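I have a structure here, written as structure tokens, and I will follow up with some questions on it.
So that you can tell them apart, the chains are marked A, B, C and D in the order they are listed, and the count of residues begins at 1 in each.
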């Protein structure tokens, strides 16, 4: 089993606060995994550290066999890793299609000179990027006509999908989804979960989620890592994690078995 | 248990102590660097004994720097407070300073015309100056509140560029408004601070012996007065913000307006009051500035405004203590660079470069420590 | 452009169809006639400008609009300019400032980086040609005011053409030099630092007369060479013909008026094309993306550093070219031209026209330039002529001649700029001709957008970039 | 029936052009817990913000204890007896736990009464007493929610508006928060209007419920009825 993403003793501090404390993580190529844990446990900080928004204070992060510590976030994206955000960070005043085109930034070969001179190559690159964006729009389950809408005018659930389409436009090998079903109703959550599985099954993309909705986490993940106070306290299959005493104490609570319904 | 009691004594002594540490600390560090430079450069210069010149100038340069530092600190408070509550750089703050200066100077010119200034002894002269400062505070504070109401309040919640651009507009508008008023009434647009009282006299402190030559170290009454005004204002503001109910309301509005409203705080009123306080401080600084540099004109607010902003950023914008430290450091640096640049470079670079120096510092601070010297990361809004 | 046709108001609708085109043409001809009647009339000039603006807004095909506009700009203005060279001067200045405004628009409008020291790049271009295109090089060891007069220039005048690309490069380089340290700054901090940078350039221009004399200090550099005119333009026969048309003697100096007018228009045209094409390219999207949310943009693979630097460099490049042209046109360059007021006045052009909107910015530049060099000046002239007479100010009863000269409207540019900025921000922040994007924002759909409004306050950029 | 503590009659609220509430009417009686459920964007938070005056309705009436507060500014509404614990908690990050609680009693000038209230808060949330000198921003999510509710209690309001108190909390903490809400009603008789995504948990503690869909109330009844209503079950309980 090959490993696409590997964290070795990664530590991130903010002033005196240790947000992530010597965390080890191994994500198998082609797997679906989740990172769970109480609010403020450091899950999003782990994502930010992996994607280069923060630089780890200690430890090593290897993506596809190569260390990415100190690499700029845009370079990391170009290497084939992309993400969505907890609180949806679309470019609100750009159209849906433009949003996806920005996602395709590293895969669009047009240059500024080409744009000024209107070269044939520029026109072809733009046209291809547009078609690809349109295709992605349909792939994530959005209607065709949505491309020219401003992103801010879309309802919440659709915004989440645009964000995924935007991430997919960079042709990632690995996608990090930060609370992708937060604020969705049960039906939306279900269809989103189907989409995540499709990403792996059809496109072969490795998927890592941060999620609070235990139904999603338990239903989709092959492996789960549990984070508390910046440390990894448990790891394993859903069945293992569900019965782990420390996880129950720190996170799931006594009624874990019964409350696994729709608690986001 | 009485949880809500404030110790007023502590709230006065603490900022006073901080202020003293800031002044002494930055003065010592900057003097030491300058003297070190002088020692290093000494062998390269045959024309003058550079160390001696440096030492002779030093006391005056220090006093100039400290008085300037107080003025920057007082003006910087306005930036910092408004930034604290609205996260917005009030570009027109320098113009409040200018309006305050004109108000004070006009009052003194009028008093002078009545003949009451000529005969003023120290005590009475102090009364007149205080009156002028108070009038400057009232005018500038009132102007700040009016500006907030008319130009900034309609823009609340707009993208950040919008109020900033409006503030630039206010700044320009106020400059030319004053120019127009002065031109229409006086025929010309600048005014001079009338000379009166014994402020030019010096208080001898001590004499030092340098190579057998005695050098008198004295301080002008004017400088003493500027320092006293500065201390009083900084301490009073600290007390207001840290120890009063109003201060608590200001701090909570600064952190989260909506929640503050849900606590029963009238957010609009608090924002208006913040402008009032900031503007009044600016107005006071304006009168003191006029007192120090004599001439007032409609464009005089720009440079002190910019410098004070630099000071606020230097100390950590949003932090009141930071504004005091930033003001001191900047005032001293500027006074040192104005005095020594030319001497150290054999006249190649004159005092004009002190502004470039100030901006250089601003850029360096923003690059390496964007939160400023004292700004913590904890104050960031979620 | 066609998007305007859909939102046309009732007044503009009468300019639709072939009849409307004819009507617009008639209006243009009427204005031209007025101008020829009295070439010095401010009203006629304003009407000419209104005709140009009208042509932009009317519901006609772009080709028709273009033709009508070209007619006015390329034929009517030069023709009337023969009789009143001031018109050409205004045209030239509009072209210069429109180009500057377009450059600033790249930085502020497209990339969202507020630059308050933009005039510095213009200064770089201007001083570049001022230094090499004058005799300053001979004076480098002399303090200002002690000049010996030399007969020759160090470089031939045709080097001007070489210095236009050099000016572009120098300004772009300055843009990058400014860009580097401020890359990490946001919004208001950036504004203050760029303002400081602008002041630094001005202070340097003012003080670099020692230790070596590069800028000649506050006195400025003069004379600066103009590019040589081609033979056929200065042909005595041509000049004679033109003099006859114009009803006044036309000399080589007048020809320079035409020369700079057309050269300015050419550079403006190229600038418009470049700005438009960049806006609709990958780079333009990257600019918008970092303006909207830089963290998300970086996470999508947009290189923050390079994207911001290109905005600074390209924005600066436009004004570098115009700086060279301006120095040649004036034959004199001094620090006064590059004040903060100048930077702000360019910002006013961009804001007034519409942030991010190319036609808007050009229009804003025209309005502000007219205000600056024509309207306020004309009012001042009017006032000073009143001052000669014995009349009194109505209502106040004060004789005009007692009015202080300090009250000349021309001295109150800042007042008008300030007022314009405030009013625009309060009532129409998107500008006279809003960018497509801003217009879309205003026509948002109702319906399901409730949520977005509801959560807007809660979406905070809580993550900060580490780098 | 006596006057309800809170009454909304045909309230219409707009965000600019967007018609967010299209005629919402509801009542909350003394000592009741009433919950407002609905999907994201239905207008639940908008309803609370309209009640506490952060938004002004364009039409309709909001009455507190029979008095109209429709055009009263938010700080006055607080004074009149509405405590609003906003979505996202709104804890002042740079103030300590104690100072945050003090802000809740900003309008109160009586020290004895202040001490009485804060004792009560510490009784409900002993964890806050342990953290009394800690800065609000350094608390965990659950503790911040407790602080926010505690601060609401410091106002001793006639009615407490709770906006998504379980949002972003781990299952363990969600349970704890709902236990506290139940205790507030049972032991202190607090009147509560609760907005929740987690309809299941909300209906467990509530007496009555309203369903809000795109700005309109589409269903109302007792919590028990709701728990068994097939439409509610399908749309909000996800079973």
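The definition used in the following text is that a residue touches a chain if its C-beta (ideal position, glycine included) is under 8 Å from a C-beta of that chain, and two chains touch if they have at least 3 such contacts.
Bear in mind that the values here come from a model prediction, so they are computed numbers and not experimental data.
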Selected pair, greater C-beta contact count between A-D and B-C:
B-C
From chain C, the most remote chain by mean C-alpha position:
D
Averaged over CA atoms, how far is the centre of chain A from the centre of chain B? Could you give it in whole Å?
49
Intercentroid distance (Cα basis), chain C paired with chain B, Å:
36
Whole-Å gap separating chain A and chain D, where each centre is the average of the chain's CA atoms
32
When the C-alpha atoms of chain B and chain D are each averaged to a single point, how far apart are the two points in Å?
45
For chain C, give me the residues that contact two or more of the other chains.
444, 448-449, 451-452, 458, 460, 462
Residues in chain A with touches to at least two other chains are numbered 155-156
Where does chain D touch two or more other chains at once, residue-wise?
40-41, 88
Residue set of chain D touching chain A in the complex reads 39-41, 138, 140-142, 166, 168-175, 197-198, 200-201, 235-239
Partner chain B, residues of chain D touching it in the complex
52-54, 73-75, 78-79, 83-84, 86, 88, 90-95, 98-99, 102-104, 106-107, 111, 114-115, 118, 135, 137, 151, 155
Which chain B residues qualify as touching chain C in the complex?
88-89, 151, 154-155, 158, 160-166, 168-177, 179-180, 183-184, 187-189, 258, 302, 306, 309-310, 313, 347-350, 352-353, 355-356, 359, 362-363, 366-367, 370, 380-382
Interface with chain C, chain A side, in the complex: residues 44, 48, 51-55, 72-75, 77-78, 82-83, 85, 87-95, 98, 101-103, 105-106, 108, 110, 112, 114-116, 118, 122, 126, 129, 149-150, 152-156, 159, 166-167, 169-170
Chain B partner, complex, touching residues on chain C are 108, 112, 114, 116, 181-182, 184-185, 187-189, 191-193, 195-197, 199-200, 203-204, 206-207, 210-211, 340-341, 344, 347, 351, 355, 404, 406-407, 411-415, 417-422, 425-426, 429, 457, 460, 462, 464
